[in-house]
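Okay, structure first, notes after.
Per-chain numbering from 1; labels A, B, C and D assigned in written order.
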Amino acid sequence: MSIWQYANPVKFLALSERVQPVLWVLAAASVITGLVWGFFGTPDDYRQGSTVKIIFIHVPSAMMAINAWVMMLVTSLIWLIRRHHVSALAAKAAAPVGMVMTVIALITGALWGQPMWGTWWAWDPRLTSFLILFLFYLGYIALWAAIEDPDTAADLTSILCLVGSVFALLSRYAVNFWNQGLHQGTSVPVATGGRTVDDTFFVPLLISMAGFVLLFLALVLYRTGTEIRTRRAAALLARAERNL
Amino acid sequence: MPDLGKYAFEVLSSYGATLLLLVGLLALTLRRGRTARAALKKIEAEIKQDG
Amino acid sequence: MTLRVDNLTLARGGVPVLTGVSLTVEPGQALILRGPNGAGKTTLLRTITGLQPPLSGQITGAEDQIAYAGHADGLKAMLSVRENLMFWAQVFGRTDITAALDAYALHPLADRLAGTLSAGQKRRLGLARLLVTGRPIWILDEPTVSLDKDAVAQFAAAVRAHLGQGGSALMATHIDLGLEADVLDLTPFRAHASARAGASDEAFL
Amino acid sequence: MIALLIRDLRLALRAGGGFGLGLAFFLIVTVLVPFSVGPQPELLGRIAAGVLWLGALLACLLSLDRLLALDYEDGTLDLLVTAPLPLEAVVSIKALAHWLTTGLPLVLAAPVLAVLLNLPPQGFAPLVISLALGTPALSVIGTFGAALTVGIKRGGLLLSLLVLPLYVPTLIFGAEAARRGAMGMQHDTYLIMLAGITFATIALMPFASAAVLRMGLR
């Protein structure tokens, strides 16, 4: 038994069909719990007022915006090294989800920033980095759409993802130089084990974050399935044409 | 409905926009998935018929 | 240098087109590929040239020995005939282009811009390029397209001279050049639709 | 290799080669700036460094879509693959030719245009140095973008979309160095960072460009 057997599209589809119902239920349950709890069940912050409720969307979506890109980076590498089609298609499937997460993080960030900083948009390093990340998603998706041969598309987008990651990190570093920010420090410092948010906010936040992760996984599994089916249909058609 | 105070617009539109985007993504994903599923089923059936 | 191809399997657009192709081209030998449109002649020639990887199989004796002429001639419209040839000669580390101008009667055109040439003249220039590379193995994909009768004769003479000097040629063409060439029909190597050769589409079947 | 460089330069200089197009674009953008933001000298002086950097970047972008696409269309790239030249060298030479025909003229023209925009006197040296250090990176990164889009019909717009985000670090460090220089502030750190990016991209990007080009030619 090796994990790579699920690199076979057909096996992957079978497994993904079995996992998905559970995943969707869990995702829906935790997203709804997290957000409803966050919206109805948390007090106002003494400083930020009710805007603190935005945290339950902003933080998870920002986290997934970055995680989606990291996942694309890993699957791109797997495609380049081992040439498993599922891997390349999973990267393709994840990109639009990551992009929507980036947009959500940007919008909620702007809505949160307006009352806190007095402006919708500030060229703060974090906000700027997310804007750049959004551009990278846009380019990546556009490149997938522009190339006809699916293998070439997978190859080229994988390299773009690799090179893009390096430049995205570089940009992150560069904007720090360019403008010190207004943005508060991270809300969930996992590495230090400490927390900067009070428990009343932290529990629903964690649930919401888990929900966004599960939602992302469910969406990506479903979308990967769609990509596999599209490829399979094209492959079957190509074979049928050759039989004539 | 909790009292959102003077920030009602920001909080509500945050949740609203997020909901809208997520539902949009979900709808698009499901529609594309359905189409692909149907197209594949049709092709598989045709091929079975032929041989 | 003998060009040897063993058990080559090729794909085009994720679908295998040819399987089990084996051939050898000895010095002094010309081999002509035949087959209907879409049989995979271009794919085979491009693979041997090294422009795309085969699915499986071995190619030996091709490294740095091949001069390739495909459908496009690699000419710059804004450079003269002489400059075009000179450029390719220099890329291949050579400087003499007189022989190439001679072989295709290009002297009168030498200072014309390549963009002002007719299709047949461009093709002659493209074929003359083979001579300036100094490479022993010529890989030619439909070399006689848009050539008139005289030009075809020039081309045949150039190939014959090349073979006489111990060179070799592998080409796909429908025209009889009057060469003592061996012919390889690609039809028997056509990949079966159900063949499993490792092409990318197969993962989805 | 020199033959390839000479040929590219010669092609750029001949009619239809597009030499000077970037320069003209740079000039026009610079001239349009006062029309759009107003003619106040102190305002123009403040934004001059940034405007010139942005103009140079866009001018570089303008000629990228012909960098490899023309050679792809007429089959030259296929033939170059069979030549006794590593593809990494081919793309490096292409980038060098692009810099010589686009980047270098921009660097030389920048001080003249800076006069039009009323750049403070102490800003000239940092502007030229930062452009001289930064534009090679723009050419090398641009070559990567051109290699990515080489087989795509009408890939020009896509090329811009792919390349512009990659230009961000170069633009930030380059423009920041020029801006700080114009304000008489310390800017060495930025120049060093800019040089670091340029040298790293020159060293590493040709491998990515060549890999991408091989995939695109298949």
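Keep this in mind: contacts are C-beta pairs under 8 Å (C-beta built on N, C-alpha and C of every residue); 3 or more make two chains touch, one makes a residue touch a chain.
Molecules present, by chain and UniProt name: A = Heme exporter protein C; B = Heme exporter protein D; C = Heme exporter protein A; D = Heme exporter protein B.
Computed from a predicted model, the values in this text were never measured in an experiment.
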Pair of chains ranked first by number of touching C-beta pairs: A-B
Chain whose averaged C-alpha position falls nearest the assembly-wide average: D
Distance from subunit C (Heme exporter protein A) to subunit A (Heme exporter protein C) - Cα centre to Cα centre, in angstrom: 48
Computed distance of Cα centres, subunit D (Heme exporter protein B) from subunit B (Heme exporter protein D), in Å: 41
Between subunit D (Heme exporter protein B) and subunit C (Heme exporter protein A), distance of the C-alpha-averaged centres to the nearest whole Å: 37
Distance from the mean Cα position of subunit D (Heme exporter protein B) to that of subunit A (Heme exporter protein C), given in whole angstrom: 32
Where subunit D (Heme exporter protein B) touches two or more other chains at once, by residue number: 218
Residues of subunit B (Heme exporter protein D) whose C-beta touches two or more other chains: none
Sequence positions of subunit A (Heme exporter protein C) contacting 2 or more other chains: 232, 236, 243
Of all residues in subunit C (Heme exporter protein A), those that touch subunit D (Heme exporter protein B) in their complex: 49-53, 64, 66-68, 70-76, 78-79, 83, 86-88, 90-93, 129
Parts of subunit B (Heme exporter protein D) lying in touch with subunit A (Heme exporter protein C), wherever the complex brings them together: 1-8, 10-11, 13-15, 17-18, 21-22, 24-26, 28-30, 32-33, 36-37, 39-40, 43-44, 46-47, 50-51
Complex contacts: residues of subunit A (Heme exporter protein C) adjacent to subunit D (Heme exporter protein B): 132, 135-136, 138-139, 142-143, 146-147, 152, 155-156, 159-160, 162-164, 167-168, 170-171, 173-175, 177-178
Subunit C (Heme exporter protein A)-facing residues of subunit A (Heme exporter protein C), complex: 8-10, 85, 149-151, 228, 231-232, 234-236, 238-239, 242-243
Contacting residues of subunit C (Heme exporter protein A) [partner subunit A (Heme exporter protein C), same complex]: 13-15, 193-194, 200-205
